[in-house]
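What follows is a set of structures for review.
There are two complexes below, and they share chain A, which is joined by chain B in the first and by chain C in the second.
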Partner chain A sequence: MSSSRNNDPFWWSFFGAGGVFSSFFIPIHVLLLGIALPLAWWTVEPETLLELVRHPLARIYLFMLISLTLFHAAHRIRFTLHDLLLAKQIDTPAAYLCYTGAIVGTVVTLVTVWTL
Partner chain B sequence: MDKTIKIQVRRYLPEKQPDPFWQEYEVPLEPKWGVLDALIYIKDHLDGSLSYRWSCHMGVCGSCGMMVNGEPALTCATFLEEYQPGPIRIEPLANFKVLRDLIIDTDDFMGKLKSVKPWLITDEKRDITDGENRQTPAELKAFKQYTLCINCMLCYSACPVVGLNEDFVGPAAIALAQRYNYDNRDSGNAARHDTLLAHGGAFDCTLIGECSRACPKHVDPTGAIQRYKADGAMEYWKRLIWPKAATAPKNDGIVKQID
Partner chain C sequence: MDTETAPTYKRFRPSAYHPSMALTWWMKKPSYLLYILRELTAVFVAAYAIILLLTVRALSQGGEAWDTWLATLQRPGMILFHGFILAFAVYHSLTWFTLAPTALVVRIKDKVLPASALIAVHVAAWVGCSAFIAWVLLSA
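Then we have the complex of A and B:
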């Protein structure tokens, strides 16, 4: 076993937080915006929604929801690649690719949420 | 012989030929015979050169684990009748070095098991006059499930991560580490964190869950590993942000083996 520090617990923390956060809240968004709104079970003016998401708490919520979900997905995709391709060699490039994607996504989310 | 069933055994006799080969035997299909009984019959009546491990014949010792039709199983608890009309293919446990026929090398597993210090580590020295170290039923329940592990290594055969990553400490070792971590008499968590947080530790697990499916004792190593990940992640952040608050290894020496 290598003596260098293992950073997997670091990434796992975001994976775990993202899993909890997204499993609680993503279904609500899917129900409201993906089903209820298109089927006209519920109607809302776009201006009203924009006003809602401009509230500081809503901005923080959206940032956490999107960013943590990205980290959750990154970690799961990394491990799925590892398991599906049955290759240890894939792990380091997959880790860089997935986590870089999540970090870039987080920055984009931050800018978007900030400037809404 | 009334009814029979064919058994195909993956043989490996390194002194005779360098590669493994398949050999077929025909054994009586007796009611209630386990796959192990068929192997014993082969050794006693058909081919004395066949080698395999077994001991208790009752699902407790954990010696007779083999691959039966590609699935890791305790051969004493796997019945011939379930595999009719056959043939049944028997191989040594996957993910292990094979020494001979169905006998695997357990040294690697034993080393990994030892690395998580699966024994009671106590802070204070106790002697016989201190009497029993009493526990409430609730305190026992916190870890009892993990004591049921019989070290049969089926979970190592079932785990794809073990197959890919030879450094991975593995399901049973982590479940047994948790058996002591959740024991209120134990204070060895810090010593175990050193192994479980490192490369090859619990975070190498990709949560496939095959270990829990293979476990004949329903220990649920997957659950044990997931619980460790939550505890281990907390410990990781403590060590990163405020090393003084991290669980300091107090003692690694006073050791009582209780199981």
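Then we have the complex of A and C:
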């Protein structure tokens, strides 16, 4: 019987799911909420936006988008640190740091969308 | 064997072989640089996930909190930062779609969908998703 103690496939599945979600949805949010809205290319009442994000589907969407994007980035940053710094010993602390960050971000996001 | 005359002889001693690689390896070829730029998209995409979370929080707090957050987003440095985020996010999307055929094989009646068709489907889905989100936000 062989057993694998490698967690990579587990984290990779989140990396993959987050990669799909963020590649499809992040650019339009950056354009509309990060550039168009501050520059007043379009205006919206905050109450209207709040009503929109309070919709159950919007809450689920925001939670999945933010959380999976964080896991995607955590995985990628972990391996990029390894590639850039060329130090094998950095991988374990980097993995803990990156995945812990994504888990904390997920909890904060869950609380935020739950209590909107 | 006379090791004194050849002390650095390593051919049959793999343990003594330490290939050296400069920390600047990613500057040596354009393809290496593009790879690192692709990986660095994660930093900008993660930064935006946090900004989106802060936007939702400011919305839920309402009133003054929202005005303060909007004023922060309106600072020239923040607009510029969002320009960088947008560029990296688009680069992330395009590189992700071109990677899709290596991770995904779609068969239709024993025929494998060509890579170019799979990429085209992803780009079309991207345009569709973006249009849907824009429609939801702009018609609110």
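In this text, the second predicted complex is superposed on the first by the 112 of 116 C-alpha atoms of A that agree within 3 Å, B and C clash if a C-alpha of one lies under 4 Å from a C-alpha of the other, contacts with A are read in each partner's own complex, and residues count from 1 in each chain.
As a convention for this text, a residue touches a chain if its C-beta (ideal position, glycine included) is under 8 Å from a C-beta of that chain, and two chains touch if they have at least 3 such contacts.
Source: prediction; values computed, not measured.
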Now for A:16: first (chain B), second (chain C), both, or neither, which partner does it touch?
both
Identify the partner contact of A:57: answer first if only chain B is touched, second if only chain C is, both if each is, neither if none is.
neither
In the superposed arrangement, does A:105 touch chain B (first), chain C (second), both or neither?
second
With both complexes overlaid on chain A, does A:31 touch chain B (first), chain C (second), both or neither?
second
Which of the two partners, first being chain B and second being chain C, lies in contact with A:88: first, second, both, or neither?
first
As a test of reading the superposition: which chain, chain B or chain C, is in touch with more residues of chain A?
C
For A:48 in the superposed arrangement: first (chain B), second (chain C), both or neither?
second
Classify the contacts of A:6 with the two partner chains as first (chain B alone), second (chain C alone), both, or neither.
first
Could you pull out which residues of chain A sit against chain B in one structure and against chain C in the other?
16, 79-80, 83, 86
Flag every residue of chain A that touches chain B in the complex, lowest number first.
1-4, 6, 8-10, 12-13, 16, 79-80, 82-83, 86-88
For chain C, which residues count as touching chain A in their complex?
21, 23, 25-26, 36, 39-43, 45-46, 48-53, 55-57, 59-60, 62, 66, 70, 73-74, 78-79, 82-83, 85-86, 89-90, 92-93, 96-97, 103, 125-126, 129-130, 133-134, 136-138, 140
Residue numbers on chain B that touch chain A, as the complex places them
115, 160-161, 164-165, 167, 195, 197-201, 203-204, 206-208, 229-230, 232-233, 235-237, 240
Sites on chain A touched by chain C in the complex:
16, 19-20, 22-35, 37-39, 42, 44, 46-53, 62, 65-66, 69-70, 72-74, 76-77, 79-80, 83-86, 105, 108-109, 112-113, 115-116
